[in-house]
Amino acid sequence: MKTLSRRVAAEFLGTMFLVMAVVGSGIMGERLAGGNIAIALLANTIATGAALVALILTFGPISGAHFNPAVTVADAIERGIAWREVPGFVFAQCAGGLAGTGVAHRMFELPWYSLSTHIRSGSAQVLSEFVAAFGLMSVIWGCSRLRSTAVPFAVGCYITAAYWFTASTSFANPAVTLARCLSNTFSGIRPADVLPFILAQLAGAITATLLFRWLSPNLPAKDVLVSHGSVLGKG
Amino acid sequence: MKTLSRRVAAEFLGTMFLVMAVVGSGIMGERLAGGNIAIALLANTIATGAALVALILTFGPISGAHFNPAVTVADAIERGIAWREVPGFVFAQCAGGLAGTGVAHRMFELPWYSLSTHIRSGSAQVLSEFVAAFGLMSVIWGCSRLRSTAVPFAVGCYITAAYWFTASTSFANPAVTLARCLSNTFSGIRPADVLPFILAQLAGAITATLLFRWLSPNLPAKDVLVSHGSVLGKG
Amino acid sequence: MKTLSRRVAAEFLGTMFLVMAVVGSGIMGERLAGGNIAIALLANTIATGAALVALILTFGPISGAHFNPAVTVADAIERGIAWREVPGFVFAQCAGGLAGTGVAHRMFELPWYSLSTHIRSGSAQVLSEFVAAFGLMSVIWGCSRLRSTAVPFAVGCYITAAYWFTASTSFANPAVTLARCLSNTFSGIRPADVLPFILAQLAGAITATLLFRWLSPNLPAKDVLVSHGSVLGKG
Amino acid sequence: MKTLSRRVAAEFLGTMFLVMAVVGSGIMGERLAGGNIAIALLANTIATGAALVALILTFGPISGAHFNPAVTVADAIERGIAWREVPGFVFAQCAGGLAGTGVAHRMFELPWYSLSTHIRSGSAQVLSEFVAAFGLMSVIWGCSRLRSTAVPFAVGCYITAAYWFTASTSFANPAVTLARCLSNTFSGIRPADVLPFILAQLAGAITATLLFRWLSPNLPAKDVLVSHGSVLGKG
């Protein structure tokens, strides 16, 4: 029943809503906060963290609720998803993210897309994204192997925290990063800064994956595969 | 034991408290926020999201905790509730919402009712309500079929996020929309803008329902019916 | 093993920490908020709601985590606790509340006790307390009969919301009301306003109890008694 | 499979991320809050509380997710962990904390370490730390003996509240206290104030441990030991 087309559709919808939450709440927060950036970011944080909980609970049983190419690649490395399914997932995530930016803009009466001029460059930003993705993937592996029903809450809480403890506000997601470079609003990122972000995210996610292979090897290979299917797939 | 009168009473009480939370916290937030609308909306958001979690946990086992004609109609489309029970549910929701507005006003020393002058018109607002209700119904179908105990948290988190990522602050509920047009306060809506909101909400909820019929058809028709009873009815 | 002395000690400790959370976070919030009352109340709200979740999870298995004479009386009406144990519970709650005020004051370098001058009078305030306690007791009965593990989260979320949707910031607790009249700080209440608050709280809690006897009579009398013991006592 | 080296690595990583969350969100909060300390502390609070939920869910199954020498010592007193393993745990926690400070600083383009000049002295501060650690350990013992899956949420909620109801913002953790004295930022503590904090934290944690030995002796000694292993070790 969980055909690839359904799983891909779930990844598209989930990533679309995730990006809508990030971009839309950034616009709303900045418009209402009267210049206090901390209040705008607080609204952005709460909306994103809460959206993640709701969306992972909603789409987790269908597709595993990756919404994130770095998670999909890490899952493939651990044989949780077949490599041949990765392109479909990543394409759906990127397309969903772009759709999310466009719909968010239309809800706030902005043009469909606009190139961001928000500079996010330098080694501290890249380090932040490495740390953010390393932590995200650690949370996913730590929870999904032994407490899978906690994944939605753990991921939502982690991103809520990481918005504030990383200097980059923790994008931690290549598809979302791509989608945000087409939004010249609060949560945007300059196109020139996208590639270093994505590379740092992939490096962080893969490093955490290899570390947790040693740290939490509780299941034999075959069970890991089944378990991932069940963890990320059925929650 | 769960007679229709009890279920209708639960819908009345739950929607009354939900509207009290929305309208009351809007009044309190605006009074205390010293002109910073983001802070007022943050208080409004937290109160509404938290109230939803508490109220769905409380009344879910009795009536399914719809509190929302769009949810009741969607549930009827999927045969989770009999069509002959829909009018009673919808009437209780609308009456409960109106009671909630009145009691909230009295707690804050305002007249029982006042027509709102808060303009919420235009295609961007209507699009926002379509998106908000589409997302809400997606969350409900996604969670209730496979992880029913998560519904209260998923819905509370979703609305918390949607307050910020839609331009309309996500009414997503015809009964609540009606109740809010009788409150000339922070969370009000001009009566003239009510109908487009309600139509967009119904369209969004029904679209999501049809989509999830394809996306998550995990249960045969008969089980779906039973499951809905158990999901929305007993949680 | 769960002797009365242990249960009474748990009620003392839990109510002490609850009042510390209310009074202490009120002081801290007001000191730091730079005159913006909404921000102070937001801090007060988050601290109180979060403390309730933690404290009910902690002491629920020992004493049922009432922390509230209105809840204890309502539980006795429904035979969840023996009437002969009520005085001990209520005394422990009141003593714990007073201890909480004193310790909170000492942590913030204030005198042990001070009479509040914070006026909270008038019918709108009394109505607010009736509504607040009615809702609190509804949440407890609604959750504890069928989803007891949800009680800590439901109560924490409910109070988080009720801080903002009632004009009185939802004391909803006679022992806490008493303790707060001895604190001339943000969360205080003038001694002259205590009695109407307590009467409204008791009326609200008892009304909800009688209503839920009809609304949610899912268990026969004997089971109700056992269930209450297990619900409020063992979670 | 849960060798000491894996458990020690989990304590290192978890404490590192916990301190990153505390220090990093303090820096970000202060930078963005425009001088309103309450807003900065609100961001700091939300990030820390959310990080705790995520990190305890993640590392709990591996090491028990102490992240805190006072918790490790208390657990050893109750024979939840062998005394011979305590030094390794405490060393990993302290080293992880120091790593967390350094990485947080680098993410925000600050020098690796800087001695804090933030004065936190006096008996009210010491009392605050005693209360904070007493409460934290009460929450852990109260939940872990009978509702172990609730520990991550209970601890996250408790610290969220304690940030505001204690005058010291509730360090409650010797390893974190040590790490914070090397950060001359929002969340720092002057080195001269570290020792009284740590002594008060240990006293509070041990007092709560002895109290709960009487208050919640639900399990015979041998089972307690096993249960702790399962509670703090496998969650």
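When the chains are written out, they are named A, B, C and D in that same order, and each has its own residue count from 1.
The definition used in the following text is that contacts are C-beta pairs under 8 Å (C-beta built on N, C-alpha and C of every residue); 3 or more make two chains touch, one makes a residue touch a chain.
Since this is a predicted model, take the numbers as computed values, not measurements.
If you take chain A and chain D together, no chain is in touch with both. Overlaying chain B onto chain C using CA atoms gives a rotation of 90 degrees, to the nearest 5.
At the interface between chain A and chain B, under half of the residue numbers involved are used by both copies, so each side presents largely different positions.
Per-chain Cα centroids separate chain A from chain B by 28 Å. Rounded to whole angstrom, the centroid-to-centroid distance between chain B and chain D, based on C-alpha atoms, equals 39 Å.
Looking at chain D, residues 36, 39, 42, 46, 153, 156 sit in touch with two or more other chains. Here the touching chains pair up as A-B, A-D, B-C, C-D. Residue ranges of chain B in contact with chain C, taken from their complex: 1, 6, 9-10, 13, 17, 20-25, 28-29, 32-34, 36, 39-40, 42-44, 46-48, 50-51, 53-55, 57-62, 103-104, 106-109, 149, 152-153, 156, 234-235. Partner chain C is touched in their complex by these residues of chain D: 35-39, 41-42, 45-46, 49, 122, 124, 127-128, 131, 135, 138-139, 142-143, 145-147, 150, 153-158, 160-161, 163-168, 214-218.
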